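Right after this note come the structures.
After this come two complexes, each holding subunit A, first together with subunit B and then together with subunit C.
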Partner chain A sequence: MSKLPKASELAKSISYAFPKVSWMDTKPAFAPGTWCYPAKKDTMEGLGMPNPHNWNPAEEDWNLPENWEEIIYNALKDRLEKYRSLKVFLDICVRCGACADKCHFFLGTGDPKNMPVLRVELLRSVYRRDFTTVGKLLGKVVGARKLDKDVIKEWFYYFYQCTECRRCSLFCPYGIDTAEITMIVRELLHELGLGIHWIMDPVSNCNRTGNHLGIQPHAFREIVEFLCEDIETITGIQIKPPFNEKGHEVLFITPSGDVFADPGIYTFMGYLMLFHEIGLDYTLSTYASEGGNFGSFTSAYMMKKLNAKMYAEAERLGSKWILGGECGHMWRVVHQYMETMNGPTPACMETPKSPITGTVFHNAAATKMVHITEFTADLIKHNKITLDPSRNADKIVTFHDSCNPARGMGLLEEPRYCIQAACENFVEMPENTIREQTFCCGGGSGLNTEEIMELRMRGGLPRGNALRFVQEKHGVNTMACICAIDRATLPPLADYWAPGVSVTGTHELIANALVMKGEIKRTLDLRQEDLPGVEEDE
Partner chain B sequence: MSTPQGTDEDIRSGTTLYAVLWPHKEAMVNRWVGVVHGSYPFETIGFLRTNSNRFANPVGYRTEEAAKALIEILFTDQPEEATLHKAVDEIIRVRAIQDFPPETAVGVVFALKDIVREVVSASGQGAACLRAMWALESRIDAVALMAFGAYARHRERLHLLKVEEHKRSHSQLMRLAMRKAGMEPEEAEPQKP
Partner chain C sequence: MFISLVAVIVLGAIAWMGGATPGLQYLFGIVLPMIAVVVFLAGFIWRIMDWAKSPVPFSIPTTGGQQRSLDWIKPARLDSPYTKTGTVGRMLLEVLLFRSLFRNTKAELRNGPRLVYWSSKWLWLFALLFHYCFLVVFIRHFRFFLDPVPVAIGMMETVDGIMQIGVPRLFMSGVILFGALLFLLMRRLCDQKLRYISLPNDYFPLLLLIGLVGSGLCLRYIGKADIATIKEMTMGIATLSPHIPALPISPLFYVHLGFLSTLLIVFPFSKLMHMGGIFLSPTRNLPNNTRAVHHTNPWNPPKTYRTYAEYENDFRDLMDEAGLPLEITPEQAAAKE
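Right after this comes the complex of A and B.
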C-alpha cells in the first residue's frame, strides 16, 4: 500500500530545487476545459481551407498531413518574406521580461508559457533553428529547437490561450506585438488543417449568409421586428427600420450578437431608438448583417474577405458612409488592417459627416466608418438629444475598456462621455486595469466558447478582480462596455468574480435616458423592468 | 468552538502555545504563502512573491489576505467569521478554476497544521501544548470544511455559467421559434438578466 500524502505534499509544497526539465521539454496536458473543440471537416472544406481533416486535440495522433514539416517550414518562410514585422519581432526581443506578468492568462493560470515572452518563444525557438545561422550552429544553447509534433500541439494549446488583446505590447520597450505573432501561428496551424469550431463555424456562416449564426434574411428581419415591438411597449413609439434599401446616406452595421443574444439586444434597441429620434437617413442590411469578423482570428485572407463584404454592400446600396455599432475586433480590423488589405473604399463613399451636427469625421477619412460612440458623443456635445440620467439612477456604473477599441484604435473618451451623460453614477475601476492598460474579458479572439469556460474564468480573473474591488468599495452594480463579445463574455465573468454586477452596452444606457418626441410616460427600462422611482409614484 | 479533545479555554489558558507561536506569527504567514505559491510552476513563483499590487498580481494578493486571516485563528478566541469566510472564499474562488485537482485546491488549508506543528516541535514544548493543539487543529479543520464548501459552490457556479450563457446567446432565436409555434414569449423560460 502506498503512503498517504501529507497535506503540504498535496499542496505541492514549495521546492527551491531547480526544475528538472526546462520549459522547452514540459508538454501541455490537454485537460478538458482548456482547449477548444476542433473545426469540422465539412466546414473547413466549404471554406477551401488547406488540409481539412478529422482530428481530436485529446488524442495522441492529430492526423497531420504527411509532409507537415515541409508545410510549416514553407508557410513560415512565406510569412517571414511577406511581413517584415514578423521577422523583426522574432529577432529583436531581448528577453527583458517587461511583458511577462502583463498577460491576463498568465495572471489567471500561473502557467509560465502564458507569459507573452515565452508564448512567442514557442515559435521563436523553431525560427531560430531553421532560419538563423547561429541557431543552426548552436541549437539548444541559444534556445533553438527542432520542430516536432509536440511543438505543433503546444502551439495549438498556447496560441488559443492568447486573446490577441495586445496588453503585453503596451509594456514592451520594442513594441513587440504578441497578438500579431498569435495571428501568424494560428495561420500556420490552419495550413495543417487545425482550427477551432467556435471560430470556423461563424466564419463559414458569415461567408454564406452574412452573420455568425447563419440566420437568413427573413428571420433576421423578423427578429429585428420583435425588438421594435418591445420598443413600442416601452416608449409607445413605432419604429420601422429600413432593410437593404438603396440610396440612404448611412449603412448601419453591428455585430449580429446585438440582434440575437441577451443582453446585446437592448443595445440594439438603443441604436434604433436613437436613429429614430434624430431622424437618421440609414438602412440596415441583412447581407452585411455582421460587424464581427472571425476571419481576423483565422488568417489575413479570411479577415480581408469578410471585411470586404461590408464595403461591397455599401457600394451596392449606394451608402455614403458606414456607421458601426458597439463592437471590438471589427474596429481593430477596420482601423489597423483595412486600408492595406482591401485598398480604397468604393467610389460612392465619402468622408463621414454627421447629418445632424455637421461634424466631419476626418479620422475616418480612409475607412469611411464611424464608431457609434463617436457619433453619439458628438450629438450630446452639440445638444442634439435630450437625456434624463435619473432613469439610470439605480445604476452605479463602471466601464470596461474593450481591448480592441482601447488599444487598437484609442477610443477611450467617447464611451465615457456618453455614459456620464446618460447616468448619474459613474465610477472608474483602478487605473492599472483601464484605458490602454485594460484587462481582457478572457474570451476575445474567438475564445468565447462554452467548452473552455474554466479557462475563460482564469483569463478573466484580473478584470473580475478589479470589478470586485469597485463593487465592494463603491457599490458598482453595472458594467458597461462597447463590444459584443464583451456582452457575451462579461456576464459569466461578473457572475463568477463579482456576482451581482450586470453587464450592459453603452447605447442601452443612452436609450434608457433618451427622451423621445411623442413617447408615453416611461415606466420601464429597456429590459422591461421598472424604472427607478416608478413604484413610489404609483 | 469546543471539542472533547480540547477547548478554546485550552488554547487561552494554554498560554504556552500562544507564547510559542506568537514570535513566529509573521514567519508562519510567509510559510503558508510559500506553500500556496509552491503549488504553481517554478517560473511563476518569483512573480507571485515579489509584486504586491493587488490588481497587477491578484493571485498573490488574495493569497496574502487569506494567509493573514487564517493565521488569526491561531491567536483569537473568536475568529471573525465574516472576515475568515471572505478570505477563504476569495482564494478558493481562484483555486477552484485553476489547474488543480480538488485536494490541491483546498488542501492548502491543512498545510497550516504542519506549519504549526513544526514551530511547536522545534520549541520543545510539545507536551505542554498538547490539549491546546488539539483544539487548534479542530479549528483548522473547520476552516478546511469552509474551503471545501466554497470549492463545491464555485465549481457548481462554473457549470451554471455555461447553461446560462447558452440561453442568453440564443434568446431571440428561441423567441422566434416560440412565436412560430404559436406560443407567447411569457411562456418561454425566464431569462436571467
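Right after this comes the complex of A and C.
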C-alpha cells in the first residue's frame, strides 16, 4: 500500500490543467494507490466466472484469453441488444461538458479521463469503430479507435474509478448515466476474467455464507448476542432477537457490515432496540443476512443471483413483508431492480402495513420491502415512540445523503425527519452537496478498499470539504448517514478532511434518544460513552 | 476544429461552384436537397427504430427530488415523478426548458482547499436561445413552401421583426441564432475542459450551422437575394414539379442550400440525433414507482442461486449447535444417508 500524503499536500497536487496531447494518446500509469487488487483465481472459479486467471494490474501482461478481442466484441454486441440505455447513451452525447466538473473523482484527481464524458468516451470510441458505419469509415476523425490491450487497461483503471453515484446523470441534459456504462464495462471486463478482490471476495462469501463478510450462521448469531449484551448494559433491557424463525410478520434484512463493523454495529443495536420497544413481530435470517449486493458491482446476473435469496427466504419463513436496513446500493437494487429480477413476490407476501400505526406502504406494493427510515418516520409521526433528543444534545449533526437512496430512489426527507426528531442540533451542508446533488463518500460501488486510500481521499474531497465547511461554521461534530459503506468509508474521510467529526448511522441516533419501557436511567450512549449532562448530575 | 473548418469551407465552395455552373444547378438546387430530405427522414426513423429494438430491462430513473412514500411528505412530482402524468411533465420540462441543464454549476478549487460551486446557467441560456430561434427560423421558412403564406407565419414574422430595424426588417431570431452559435463555438474553444473533449464531429455541426445561418443572413440582408425567384424554385420542389427558374439566383443561395442538405444528410448519423434520443432516455422517461409497479425485463434470465437447502446442508451441524432452527435436523440428515 502506498503512503497517504497529508491532506494539504494532496489538495495542492490537484490541478485542472490538462495535458497537451489528446486523451487517445495518453495511458494511465498504474501507480500504487490508484488501482484495486485483482480478484483471486480461486474465487472467480468458485463463482463460475468466465476466464479465471492469475494476473496483476501492475504488470505489463494481464494474461488475457487468446480470443479476447472476439470476447469483448461479442459481449458488447450482446449488451447493445439487451440495453436500450447503452445504445442511446453511446449515441447521443453532444460533449456539452455539463458533467465534467460534477464527478468527485475528477474534482479530486484533476485527471481528464475522470470527467464522466471522457470516461464514457473510453467505451464510446471503441463502439464507434466496431458498431457504427461512420466510425468504421472515418476512424479517429470522428473519435473512433481500435480496441487494443491498452484500452482494456484503461477501462479497468477508469471504470474502477467510478463509484456509480449517478451525479453526472442528474446534470446531463439527456440523462446519460455513467453508472449504467460502468456496470456494463465491468461486465465486459469480467468476461475476460478481470475483476477486483474487494468485490469478488464478498460476492463469493455472500453466495456461500449469506453475507459479504463471510460470517457463518453460528457466528452471526453470536455477534448479534454480543451486541444484545451491550444493549443490556446500556438500557438494562434484555433483547433476544429471533433468527431464521418461521411465521413472523416481518423479515428484517440489513447489510452485514452493520453486524460486524464499528460504527455500523451501533446502528444495528439501534434497530434491535427500536423493534423491541414497539414489539415488532420480526425475524432475522442468517441465510439472507446481507442487504448489500456486491453482485450489482459485478454483473446483472450476479446481482440477481445474490438478491434472489431475499424473496426465497421470505417465502420459506412465511414473512408478509421485508423491512430493509440503512444501506445505499442495497436500496438501489431493491428499489429499481429487485422486483423486476426476482419478482413476482412469493404468495405469502402482502403490501407492507405497519403493524404499529396501520400505515399501508402503497409505494412498496410490488416489491413489498420498506426502508427502515420510512418505517421509523411513520412511527415518529404517529407518536408511537418517545424520543428524548437531549440525549444527543452534545451532537451537532449533519446528514450525508448516500448516492443511491438520493438519486436512485428519492429518499431525502425520511432520514432527515428521523434525525431531527432524535437530535437537538441539525445543520445541512451546502446545497450543492446534499440531497439529489449529494457527493459520493469516495468508496461506493465496491471501491471501499484500503489499497486505494489515496484515491478514496481524493474522491472524498468534495464531501470532506462540505463537511469541513459546516464544521468550521456551525461546529458540526457528527455526520449521520443511511449507508453501511458510508459508515465504513466516512470515518477515514472525516479524519482526513475534517478531523474531529464522527460518523453515525441514523438509527444509532434514534436509539440513543429512544425512551424504552422499563429501561434503567440511561447514562451511556450506544458507544458506551457518557451521555451529555451525566457528569453534572452526579 | 481545423479539419471541420476545412470541411465546411470545401462544402461551401463546392456548392458555390455548383450554383454558378448552369449545368450543375439542377443537381445542386433540386436533386441534392431532395435526396437530403429523404436521407434525413429515413435515417431518423431508422435510428429511432434501432434504439427501440433494444429493450429497457430495468426501470432506472435518476431521481432529482423526493420520492412519493408517506402521505405527509411532499413528493417532487416533476423531478421524481411517481405517475405517468408526472413523467410526461418531467419530459416536457426536459425537452422544452432543458431542466437538467438549468441545474448546472461550475466548481472551482481554491486554496484551503475549498471547493466552491457557482450557479452556471450560460450554457442553459444559449442552448435554449439556439434551439428556439432555430425553431422560429425553421418555421418562418415555410413561407417558401406554402402559397398562400399562412397567417400564423405572417404573425410570427411581425413579432420577430417587432424592433423594425432596417429594410428588409431585421428578424431577431436569425441574429440571436447566429450569436448563440458563436457563443457555443467560443465556449468549446475557450474552455479548456471542453476543448479537450471536443472531437471534429463536435465542431463540424456547429460550423455547418454557422455557415447555414450566416449564408441565410447574407442572402436576406446583404446580398438581398431575389425572393420571388427563390420561391418559384422552392414551390417547384414543394409541389413536386421541380425546375430551375429562368431568372438567375445568387450562387450564395446554393451555398445555403448545400449546407442545409449536408446538415440533413449528416443529422441521423451524428450526435444531432440527441433530438430523438432524449425521448428514449430511460433515466428520464420512466416514473419513480419501481417498488409499487412491476417492470418487465424481456430477457430476465432464470433464477439460479444458492438455495436455503444447500446452505443448511453446508452448515447444519454448526447451526444446530448454535440452536438455530433447522428444516432437517442432523439426525434426520444422517438417517437419510
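Everything below uses one rule, namely that the second predicted complex is superposed on the first by the 518 of 538 C-alpha atoms of A that agree within 3 Å, B and C clash if a C-alpha of one lies under 4 Å from a C-alpha of the other, contacts with A are read in each partner's own complex, and residues count from 1 in each chain.
Basically, contacts are C-beta pairs under 8 Å (C-beta built on N, C-alpha and C of every residue); 3 or more make two chains touch, one makes a residue touch a chain.
All values reported here derive from a predicted model rather than from experimental measurement.
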Consider subunit A as the common anchor and indicate whether subunit B and subunit C clash or fit when overlaid.
clash
Identify the partner contact of A:I265: answer first if only subunit B is touched, second if only subunit C is, both if each is, neither if none is.
first
For A:D101, select first, second, both or neither according to whether it touches subunit B, subunit C, the two together, or no partner.
both
Touching partner for A:N432 - first (subunit B), second (subunit C), both, neither
both
Considering only the touch criterion stated at the top, classify A:N465 as touching first (subunit B), second (subunit C), both, or neither.
both
Which partner does A:Y496 reach: the first (subunit B), the second (subunit C), both, or neither?
first
Going by the contact rule set out at the top, does A:E424 touch subunit B (first), subunit C (second), both, or neither?
neither
Looking at A:D394 after the superposition, I want to know if it touches subunit B, subunit C, both of them or none. Which is it: first, second, both, neither?
neither
Taking the superposition on A as described, I'd like to know which of subunit B and subunit C A:D91 touches: first, second, both or neither.
second
Per the contact definition in the header, classify A:E222: touching subunit B only (first), subunit C only (second), both, or neither.
both
Can you list the residues of subunit A that meet both subunit B and subunit C?
8, 11-12, 14, 18, 23, 100-101, 107, 112, 115, 222, 430, 432-433, 461-462, 465-466, 469
Which residues, counting only subunit A, touch subunit C once they are in their complex?
8, 11-12, 14, 16-18, 23, 80-89, 91-98, 100-102, 107, 112, 115, 117-118, 121, 132-134, 141-143, 166, 169-177, 180, 207-210, 216-218, 221-222, 243-246, 286-287, 300-301, 304-306, 308-309, 312-313, 316, 334-337, 339-344, 359, 361-367, 369, 371, 374, 377-378, 381, 406-414, 417, 430, 432-433, 435-437, 461-462, 465-466, 469
Under the definition above, what is the set of subunit C residues touching subunit A in their complex?
3, 47, 50-70, 72-76, 79-80, 82, 94, 98, 100-101, 103-107, 109, 112-115, 117, 123, 127, 191-194, 196-202, 269-271, 273-274, 277-278, 280-284, 288-297, 299-301, 303-308, 311-312, 314-315, 318-319, 321-325
So, in the complex, the side of subunit A touching subunit B is made of residues 6-8, 10-15, 18-19, 23, 31, 34, 100-101, 106-112, 115, 213, 215, 219, 222-223, 226-227, 257, 259-263, 265, 430, 432-433, 450, 453-454, 457-458, 461-462, 465-466, 469, 488, 491-492, 495-497, 502, 527, 529
Quick check: in the complex, which residue numbers of subunit B touch subunit A?
34-45, 47-48, 51, 53-59, 62, 93-94, 97-99, 103-104, 107-111, 113-114, 154, 157-158, 161-162, 164-173, 175-176, 179, 191, 193
